[in-house]
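Below is one structure. I have some questions about it.
Lettered A, B, C, D, E and F in written order, each chain numbered from 1.
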Amino acid sequence: MTTTASVVGGTGFTGGELLRLLDGHPEFAVVQATSRSEANKTVGGVHPNLRHMNLRFSDPEDLDSVDVLFACTPHGVSMERIDRFRDAAGTVVDLSADFRLPAAEYYDDHYDGHDRPELLAEAEYALPELNRENLPGADLVAAGGCNATATIVGLLPLFGHDILSGGERIVVDVKVGSSEGGAGGGAAASHAERSGVVRPYAPTGHRHEAEIEAYLGTSVSFTVHAVDMIRGASATCHVFPDDPVSKGDMWGAYRGQYEDEPFVRMASGGGGVYRYPEPKAVAGSNVAEVGFEVDPPNERLVVFSAIDNMMKGSAGQAVHAANVALGFEETTGLAATGFHPIGSP
Amino acid sequence: MTTTASVVGGTGFTGGELLRLLDGHPEFAVVQATSRSEANKTVGGVHPNLRHMNLRFSDPEDLDSVDVLFACTPHGVSMERIDRFRDAAGTVVDLSADFRLPAAEYYDDHYDGHDRPELLAEAEYALPELNRENLPGADLVAAGGCNATATIVGLLPLFGHDILSGGERIVVDVKVGSSEGGAGGGAAASHAERSGVVRPYAPTGHRHEAEIEAYLGTSVSFTVHAVDMIRGASATCHVFPDDPVSKGDMWGAYRGQYEDEPFVRMASGGGGVYRYPEPKAVAGSNVAEVGFEVDPPNERLVVFSAIDNMMKGSAGQAVHAANVALGFEETTGLAATGFHPIGSP
Amino acid sequence: MTTTASVVGGTGFTGGELLRLLDGHPEFAVVQATSRSEANKTVGGVHPNLRHMNLRFSDPEDLDSVDVLFACTPHGVSMERIDRFRDAAGTVVDLSADFRLPAAEYYDDHYDGHDRPELLAEAEYALPELNRENLPGADLVAAGGCNATATIVGLLPLFGHDILSGGERIVVDVKVGSSEGGAGGGAAASHAERSGVVRPYAPTGHRHEAEIEAYLGTSVSFTVHAVDMIRGASATCHVFPDDPVSKGDMWGAYRGQYEDEPFVRMASGGGGVYRYPEPKAVAGSNVAEVGFEVDPPNERLVVFSAIDNMMKGSAGQAVHAANVALGFEETTGLAATGFHPIGSP
Amino acid sequence: MTTTASVVGGTGFTGGELLRLLDGHPEFAVVQATSRSEANKTVGGVHPNLRHMNLRFSDPEDLDSVDVLFACTPHGVSMERIDRFRDAAGTVVDLSADFRLPAAEYYDDHYDGHDRPELLAEAEYALPELNRENLPGADLVAAGGCNATATIVGLLPLFGHDILSGGERIVVDVKVGSSEGGAGGGAAASHAERSGVVRPYAPTGHRHEAEIEAYLGTSVSFTVHAVDMIRGASATCHVFPDDPVSKGDMWGAYRGQYEDEPFVRMASGGGGVYRYPEPKAVAGSNVAEVGFEVDPPNERLVVFSAIDNMMKGSAGQAVHAANVALGFEETTGLAATGFHPIGSP
Amino acid sequence: MVDCPECGAGVDLHDDLEVGEIVDCATCGAELEVIGEGPVDLDTAPELEEDWGE
Amino acid sequence: MVDCPECGAGVDLHDDLEVGEIVDCATCGAELEVIGEGPVDLDTAPELEEDWGE
């Protein structure tokens, strides 16, 4: 029996990626994709890769009843419309920041507050590598932020394997592609202005600092740069542990954490062209690559993490979590590997 | 019962793509991938997207017995080693130019002759849109050239629908990505020299002229430009028919030809950003996009065609043809759609 | 004694390039740059390369009196404001299409007509390679279109050297960068949608067909593709002469035409990486590269031409023409060569 | 009276850039450019932007007598050939690492030792912002490393303005273009493998750590990533001072340091698209952009620095230093600004 | 199902579309205006001569 | 199956490898030299300080 699904915000970048994933997912049938601006137009008119889909956008005011509703709207929309979403669907998976943080204070400090703080305790953070045990049966699931996901997946093994305890200095230097900004975009997002950049776009105070702190229990010095790719987020974490850590300790921690994870892959040195995590190597897949080096003279660990922000960083993570929540085999619909060669994906 | 497969030339670009496709294909099991330079190394050490595969390259001198052998070697290797390939496998699918052309003269005129001209009559051209009826049971299959494929798929409907008969003037202006050159590459293929180019790399005399002439029965004025993408080939065909052709005539021809083709998609005008065929829109998929405009003042038809050279232009076409040859459902293992957004794929 | 200059439309792409050129030009002093949207802001706030200039944008309603006014506004603005421009300046150099075409009918057929058709006879076409003799003393100069310039410079030697007479079939297949669209841009111009494209954006009916016809006296079958670069226009002209033409004939024509031209350079075969004209090789300079091959089997000539649309295709051409009009040494302020290596400029 | 100059290693990337700069420099006349591989070929055959130069490569064994010899050879060549270089020229400017570090131990620790350690004390570090007073009359000048230059220019104001004293924690996360690797390049430098990357290529232990330590007196935790541009190096310095530092303190330090520097420009917040230093904004120019933010919650300063590695990071710096050494006006031949718009330069 | 006036392919639509609404054809992409209801009737939409890209 | 001396993961190999051959570890990518046969024994291969990219 197929599970019906709708995508609110279907013209957007994450919405389009979700439509692609759900269309290829054997358990789901997409019955609705909403758009205010493109209502009645075919999904393929916006997403050329989906020209084969026999589906037209419809108005978000008229939500069909479905099993799962995926909300792919800008921050603030889901918290306002959450009751209507839950009326329409037994399970709501939200890709925005609206239900990601575990307490109202985070929204007071880093956003403009929250309309429905009482629901925050109900919501489950989607990242299975962190929160798998709480997802089965969850009916409000909040997919993580893309930069936060890259960072959390990179640093997680250091906590709980006696390497970090939370008070250490961590610098996270992130490089991201232009799809992070969504389909809207302004002058800075034009091809002429955005091509070839290494552009500091969030030097300090990025909101994902809060998400990382909430889920890893550590503060991080976070800076994000826009670089010339469309898909992809890459986090370089410069970590200063209190005590010396060997490469063997690191392998123990990372293999211990991730050996059985279907969507985390190690890339840490060795030969060839692709020695450490790279967005290029995971583009189009739900895989996160993680790797590291130790730097004894500087008493530093360097951890690299790379994801496709459209996949592990949003739509793929959402489907992964939905698979767990609904009891499907975890990797269903997410088995596609990346590509080689691939350009600036 | 799975069908066993081997890939000769597994470190190359088409070889890597075939490994990806076969690995995800429910009917095939990859038992061997050869390399002279990387023998004993893991497939994932060269193709980072295949790090999950439990396979090491082995020497092409020691061929395993398999059901299907895919040869992904430079021009000249297959014609020399064809007997050993056929000893090892019941079906040989060759991606090089060695068995593509139907007669020895083509090789005398455009290459350095042919070692085994008597086999040319046995070989079947892989492109199902052109040669589907002869593929079932074929045991020597020759995948088409990428630029030739883009051109043939674009022009095919004009022949046989009373628009062209073969003597008309046709200019084909092609734009291609860097993966067409294979993993080797020289100075011109370095990132610094190859980025951002619009570089005429085959102004005249490209060998695919012969392939197009052999299969469409028309000569074409062919020019190829390198542009800044990795995957993709785009052919713009400027066609001068003897008699006026209306847009309705064109739709009739193209819909008539392609309505039931699983891997050809029309994109011809309309609204939105993606109005005509684009490599970006098909990257990562086996789809060919075709479209056209009519230009009455210049008595011209303009036909656009776009493919991913790694897929429809080589490895995807090879698997498509193998599916037909072996009696599998045609689209098996090739259902993946493209991506949106996607950069310079 | 310095010549004073103003730039109307100073926030735009051609306006910014003009400011850069005039700022480095020993004969000119820039006294005004206009903008409606950025009035009172520094020029460097929009054009980061001009942060050293001590100049703020001012309102285009308040034009200073200057020797030369450069108009860098969208089509339609100059024809409406031409009297005010001429009141403010002894010489007006217009970069838009408003005074490019020699007769009102062109505007009726290809644009929405013309407000001041009587001025068309007064205006001089800026391209010195075509119209040098009429420029000295001209007080209304119209810079050519970028794609038209690339095409005209490529084809010009074929006329007047007994190769073409005007009735022959010519296909012009153009590839352009995103700066051609100006600083405005919409959804199709965003980095995510515009990166990595080979996108047919003007399949037929491009307005520059008229400009080429007006100045070369031949009709051309013209198609323009957007490709992944910012600066640059490359025209590939497929030409079908009535009689056979040898490579020697071609060299004679091209050397005869261009030997003494300071801003035209031949690149036609030979060794190395850069054998034919490429936008990359001329980016940042006012140079046009031209080159060719002959294709006897197809009775075809292939002519390649490459320019930087910001330079030879607009601002550089405008300064070049102004130099000639005002009697300065032709190359003044335009001597900068291109770069090597350079990416996607 | 012109000063004669030769370029050893003239086919390389920095050698080509030097030829471009010297060719446009009013004080210099280039009399020789060497190459082993391209001897007797024209300079324009390798560097298409220099097709107008009337110069052929000659063998590096036959050095002409000149006033200034610029050595643009890989590490190790200059230390071996230094006597012959000095025989040929009164002033030697070396762009390699061979004379950059002030003492033999650095070479023992970070390279394979030094052949001529006694010359290290004679050599002057080229960066005028750091070492201007020692350059006039210097006859052995060593241009800085590109990543070191970006970092030193970024951090310099923090020392000597009471913000840092040398023991503080500093993380330097660098992003560089592909021209840093020189014209050689291997598999990892091919267009297909190198496009679109965020690739950690020197996770730890980069040799420029030593150069920074030698000239700033501080150790830094240094990591370099390859990103998709050709020219450009961008350093993000995450700095942890012992005491709180205000934005005013920072402006004081940076303005104090750089107000009169002709080739350093501040970009630190504000509006528009280009708010912080970006390689794109300085590409093609000798300008270094520097800027910063303060991050009180993390007790961090973030300093950004961006240069064109071909200019400020090598050839431009070399000419700048030569200007000072020879007593020319400092900015001679280096006045060209960057471009806007410009792609991935 | 109604035929596209541009390319002739069938266009799949809800029946509750109103006159004046714009839809696109899934085959040719043409923008089509609903000119009649129940059953839906379509005509090519007046082309917006918009600037498309450059 | 033999353990990787670098990361500790199991390394899957044919038994007919010869001493001196170089393999890589599928987990950490380390280049490993075969230093004993039947069963295969591995050690970290001497690192080629090659130029890797830039």
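The rule we apply is simple: a residue touches a chain if its C-beta (ideal position, glycine included) is under 8 Å from a C-beta of that chain, and two chains touch if they have at least 3 such contacts.
Fair warning: this is a prediction, and the values are worked out from it, not measured in the lab.
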Original post:
Both subunit A and subunit B are touched by which chains?
Top reply: C, D, E, F
**OP:** Specify the chain most distant from subunit F by Cα centroid.
**Re:** E
Original post:
By CA centroid distance, what chain is farthest from subunit A?
Top reply: C
**OP:** Please report how many Å separate the Cα centroid of subunit A from that of subunit E, as a whole number.
**Re:** 37
**OP:** Could you put a whole-Å number on the gap between the CA centroids of subunit D and subunit E?
**Re:** 59
Subject >> Per-residue overlap in subunit C, given as positions that touch at least 2 other chains >> reply: 13, 178-179, 183, 187-189, 192-196, 199, 228-230, 273, 278, 341-345
Subject >> Residue numbers of subunit E (touch at least two other chains) >> reply: 24, 29, 52-53
Subject >> In the complex with subunit A, residue positions of subunit F that touch it >> reply: 6-9, 24-25, 27-31, 52-53
**OP:** Would you pull the subunit B residues touching subunit E in the complex into a rising list?
**Re:** 247-248, 251-252, 255, 266-273, 275
Subject >> Contact footprint of subunit A on subunit D as seen in their complex >> reply: 169, 171, 173, 175, 187-188, 192-193, 195-200, 203-205, 219-221, 223, 225, 227-229, 232, 234, 236, 238, 240, 273-280, 293-295, 297-298, 300, 302, 304, 306, 341-345
Original post:
Okay, in this complex, where on subunit E does subunit A touch?
Top reply: 12-14, 17, 21-24, 26, 29
**OP:** Would you mind writing out the residues of subunit B in touch with subunit D in their complex?
**Re:** 13, 178-179, 183, 185, 187, 189-196, 228, 230, 343-344
